Amino acid sequence: QYSDGKVKIGVLTDLSGTYSDLAGKGTIVAAQMAIDDFGGKINGQPIELISADHQNKADIASGIARKWYDTEQVDVIAELVTTAAAIAVREVSKEKGKIDLVSGAASTPLTNDKCSPTGFHWTYDTYALANGTGNAVVKNGGKTWFFLTADYAFGHNLQAQTEKVVKANGGEVKGAVKHPFPNSDFSSFLLQAQASGAQIIGLANAGADTINAIKQAKEFGITQAGQQLAGLLVFITDIHSLGLETAQGMMLTTGFYWDMDDQTRAWSKRWSEKMGNGKMPSMVHAGTYSQVLHYLRAAAAAKTDEGIKVADEMRKLPINDFFAKNGKIRADGRMVHDMYLAQVKKPSESKGPWDYYKIVRTIPGDEAYQPLSESTCSLVKK
Amino acid sequence: MMTILGIPTQALFGQLLLGLINGAFYAMLSLGLALIFGLLNIINFSHGALYMMGAFVAWLALNFLGLGYWGALIAAPLVVAVIGIIIERTMLCRLYKLDHLYGLLLTFGLALIIEGLFREGYGVSGQPYAVPPALAGGWNLGFMFLPIYRGWVVVASLVLCLGTWYAIEKTKLGAYLRAGTENPTLVQAFGINVPLMITLTYGFGVALAAIAGVLAAPIYQVSPKMGSDLIIVVFAVVVIGGMGSIMGSILTGYMLGIVEGLTKVFYPEAASTVIFMVMVVVLLIKPAGLFGKGA
Amino acid sequence: MAESEILLSVRDLHAHYGESHVLHGMSFDVPKGEVVTLLGRNGVGKTTTMRSIMGIVGKRAGSVKYQGTETITLSSNRIARLGLAYCPEERGIFSSLTVKENMVLPPIIKPGGLPLDEVYALFPRLLERGSSQGTKLSGGEQQMLAIARILRTGADMLLLDEPTEGLAPVIVQHIGDIIRTLRERGFTILLVEQNFHFAATVADRHYVVEHGQVIDMIPNEALAANMEKLKTYLGV
Amino acid sequence: MGDDFIVETRSLTKEFRGFVAVSDVNLKIRRHTIHALIGPNGAGKTTCFNLVTKFLTPTRGQILFNGTDITHTQPAAIARQGMVRSFQISAVFGHLTVLENVRVALQRRQGKSFQFWRSDRCLDELNARAEELIEDVGVAQYRDTPAGELSYGRKRALEIATTLALDPEMLLLDEPMAGMGTEDVKRTAELIRRVSANRTILMVEHNLSVVADLSDTITVLKLGRVLAEGSYAEITDNPEVVEAYMGSGHGAAGHG
Amino acid sequence: MSNAPPPSRQTPFILALLGLGLVLPFIFYPVFLMKGLCFGLFAAAFNLLLGYVGLLSFGHAMFFGWSAYVTAFTAKEWGLTPEIAILLGVATAAVLGGVVGWLAIRRQGIYFAMITLALAQLGFFVAVQAPMTHGEDGIQGVPRGHLFGLIDLSNTMAMYYFVLAVFVLSLLFLYRVVNSPFGQVLKAIRDNEPRAISLGYEVSRYKLIAFVLSAAFAGLAGSLKSLVFQLASLADVSWHMSGEVVLMTLLGGVGTVLGPTVGAFLVVAIQDFFAGIGSWVIIIQGVIFVICVLLFRSGMIGVLAPWLKRRGITG
């Protein structure tokens, strides 16, 4: 039933680059926790974990995936931050009939053009981000927008999704500037954003780019002068890096916040102890736990590690853990779960380390994610 | 309102000023690099890493020793200079007789090690570093809001660059440095302690990088990657200015900051590439760089 | 001048370039105030001797005493500071410096050197070409510059390696005059020369070198008498 | 008359940033003679060489080689037309062996030099000629030594052999004897005389006895201009030349 | 190198290596071996310039990467057979090499390196902006296709032997280039350019030909890699790739025939072996470079040379 007498899970993530804080080592720890919580064995067979660094490069990711499938008897690859790496792994997985579980990567092609019967997208995506933050901001009166967009696929994708939401809600896009990726000095772009007179400056970027943009917006008095920033993809690690003083008041959309209920707090505390550095998990960390656990449940139910069969089982089983309440997987591989609109606390509101968010609204999954009817995935029957 | 190429002149002023501010960092870094290349004939690939180290020393000093910005401005270059001197004495000094490829390779390796260690220790997201209270706030210049701190960066870098230039060009030191590059044995046979001079120059060159790092800390995040993103551009600056020309690398630093700033307005996607375009054009027209000597 | 003080004393000097052993126990003395030449065929080790004295040969052993100070363990900058200055065979003009900068590059190590204007008076051509890049000078001009720049340092012992190579006859004469002038001023000079006709006009004594060893010493007065012997040494 | 001269320069002038190194020089070099160019240091001899072989571009003036204007020809092309130079500072291919140095020159006329797909064993047919040449200049015993390891004098000898390998119609030698010991000077002078049959040689040399010995015509340059021209006897009789170049007792100061 | 031992003494060694190449895929993971071979070929091509013409190109990723793109694109979008797709890639690299070479060979030393770097950065910029390359994602899922319409390369072993064959033939060819009449002239130019001119050689033509050859083989390596990994991406055109090939060549030994390949395998193995340990891999890589520079300066081949010499095969 299980090939080679075991189930082997590979966590392929960015261990050394820009995203190694929001994903990285923490996702390996999360995956291990999932295995441990599952009991370490599946139908009496051992579960193994292996991990590697893809450095956010498609070629490295694809090389490692191929090697894992060919020589390491890996059955499933999890995490996969960065869209390019995720797509690269998806190509290999599809060819080999193995399962890939995407947590960190953001872009929607993963469940559209690039969808696969054995590929899943778990934690969030650009559609949900655009939808969550864009909607909320426009409804709060932010009608005119200017985008600072990272000049690569993910940035373009995020901007395009958000523009759609803004326009659908009667807003207006005054302009956009594509900045090189990565980029450290945003003052010039911010000045252009300021000159546009837009009420909202949408940051269609991530990680260090977003952090620097926010920091410098404050430095140049952009926010004081009345314009507002909308970070379209902000992780809790980014807020930590910025400090509340700078980040306060910002609206953002997230798939998970550690301080929502007892379950999330308990898991996060365990994770934090394992990491041993006092940090709290990002949504990518939590999502990785959830996806690995769900895979194991499905593999146990299917009594096999054969990709297609487990994938079918995964689609059948509902997801109910601290991360996703009543989550479900659609034909296009999207795991649909509730998203949260959060606002960053003022320093005075924060009661302790990592107490950063106020959850403003829970966005029900079906509302948060792209409707299946709009999907271009070939697996979706219309 | 007046406009140039569709951009209001006022806004253009703002962009020029911002370009100049970025140029200040290029100038400081390329100055150190040019110095080190000029004397040691070593393309110091670890320059970016040592710049980052300067910023980190400031951050560490603040968080673990309570030493503030002004103290860091003195302490960080000293610490980094000492590290630089150790690197020079233990490793680089074995390479002078060899092709400068080996220096490049060694310092590249060192850059990987330094950057890797800081990544391992402090993650990649970067640490916040506040603007010193004395320099907080900003001036409204009419066409833009200029943070006082950025103004200070430009002034500090100008003072530092011109001071260094003066010390090197207007004293015999510059001649020793240049001659020492060409034929260290002979210069030493004239009675000059070339190894000491080399060591101190390396120390000074990386100290400049460290100062730039401290100056950068409040503007950008203090992050292990801050150096490697910059280094290749700074190389280009040095080459465009003319290898070995101190003034050339300073002026080119400011100038390219401005060029890059303008590109961010007219063709933002190309902002990180424009310097290389300039480099191709310059080298084809003036093979030794803008301020380089010789044909 | 017979019993004059010995300024430089070389004893059993050995030198190597990597694996090859070039000097095999050189021994000779340079009395203060004299002009002493090293004569010998190509490749016998004359240049190497000079480089060993200056401490710029990779591996050397034996004894080199300058004014009684042992220099064999000193670094070359320390040796130079004792008062030795070297004009290398390959001239060593710096291309990144102008002629003027080349001229003033060697630091003044002691008072008593020639003032700059006197140096220029000896080589007016160098003043004319002062702002030119050092290595853009003609071959002979570079040779002049190499000699000129060490005259102002105050070193009292000059090591000149083939200073007349590539110079026009009229300049060779001029160099001869300069060497005699320097001698009168109390400089001590160690000279390497291929052209012993020239050497004979300036030197007090000649050491003949073969296979990295001194094989004979001929006082200049005795040169004529020893001409035949010398010619066999030099293979003329 | 015109055909008698293999090289002719007309009002040749070279300025370096305002400094005139060669000014209005009209050289005429008669076929199958040895022509010497002498003059004080910095007179512009090497610069003339560089101009004639097009390593420098003249500021003004014209250069004729075999009656054709070569003022705008590339240096490599000039070499292929049969005018080859040596360098004042010795120029050998340091990592190639002595034999290979000569072979590289021979190889050019063989016409296979662009053939990157052929084995270099096809060059072995040149060995015999190459060995002859290095024998001629007395470096045969160093056949397989990398040229960089030769002593200075031997490098000069090798350079001459390499130049001769091209069998040039016109040979320009820049101070071929500089740095050679007396014995080598004699041998090289002999060699130059031998190869001058059916060739034209233009030579810069400070060694007056060599000049006296070898040259048919001598041109004296001073400050970039032609000061005098004639046979050795004529030149030495010219007081201006004596003053500017030879100096008073040139007998005593003259070289070996 | 020029005094290469007679072929009779090399032949057994070459045959032994070839034999090794044939059996290795049964011992090691073939994809890893193919990666090593591709980079080995890349480094060998680069070494033609650095080791034999003395020109350090810091922009060779441009040829490697763009050739990979063209092969990937034509194989995927136009459905060309692998050999045609590769040829088109190589042709692209050669043309780019001609242009870059033409601009760069007028300069020397660090300026040459910087011009090549700058032009390669422009190439990178085009790759980021052009729709054909699909930006960060790269051209993914490239079909390996049927070689000459016959041999199915999606079979890993078939692909491996194809790569091995191309590699061996290319290396023999490069070896021949170095030891050809043309190679002799290159070495002469490297030693003393003015002298070569004075002998009548149009130096720039030789340099340009060498540059184009080097670019073409770099391109061949890139094309092969894009088929092996079925992917052409920005990483292949970035300056890091240009830097990596310098490292491989230096680590293995500049100016030796096998050195670059040894260096390539070393670097690939390090990356592969330490991929699981995150940022430590970078530190370890750094330490290895430092150690190599300080202790094994002549490259790995330099360390192995005495051993090889006894067998008369230092090439």
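In this document, chain identifiers A, B, C, D and E correspond to the written order of the chains, with residue numbering beginning at 1 in each.
One rule holds for everything that comes next: a contact is a pair of C-beta atoms (placed from the backbone, for glycine too) under 8 Å apart; a residue touches a chain by one contact, two chains touch by 3 or more.
Every value quoted in this text rests on a predicted model; they were computed, and no experiment measured them.
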| item | value |
| --- | --- |
| Intersection of contact partners for chain B and chain E | A |
| Joint neighbours of chain C and chain B, given as chain labels | none |
| Contact-graph separation of chain A and chain B, given in steps at minimum | 1 |
| Most widely separated chain from chain C, with each centre as the mean of CA atoms | A |
| Comparison of A-E and D-E (more C-beta pairs in contact) | D-E |
| From chain D, the most remote chain by mean C-alpha position | A |
| Distance between chain centroids, defined by C-alpha means - chain A, chain C (Å) | 76 |
| Mean-CA-position distance for chain E and chain C (Å) | 51 |
| Chain C-chain D separation of Cα centroids, rounded to whole Å | 30 |
| Multi-chain contact residues (two or more partners), chain C | none |
| Junction residues of chain A, two or more chains touched | 16, 20, 151 |
| Touching chain combinations (by label order) | A-B, A-E, B-C, B-E, C-D, D-E |
| Residues of chain B defined as touching chain E within the complex | 43, 91, 94-95, 98, 100-102, 105-106, 108-117, 119-120, 232, 235-236, 239, 243, 269-270, 273, 276-277, 279-280, 283-284, 287-289 |
| In the complex, chain E residues that touch chain D | 2-3, 173, 176-177, 179-185, 187-188, 190-192, 194-203, 205-206, 209, 213 |
| Touching residues on chain A, where the partner in the complex is chain B | 16-22, 151, 177-180, 182-185, 187-189, 191-192, 195, 207-208, 211-212, 215-216, 219-221, 225, 237-238, 240-243, 246 |
| Contact footprint of chain A on chain B as seen in their complex | 8, 11, 14-15, 18-19, 21-22, 116, 119, 123-128, 131, 138, 144-145, 147, 149-150, 219-221, 223, 225-226, 229-230, 261, 264-265, 268-269, 271-273 |
| Chain D residues within the chain C interface of the complex | 16, 19, 38-47, 88-89, 151-154, 175, 178-184, 206, 208, 243-250, 252-256 |
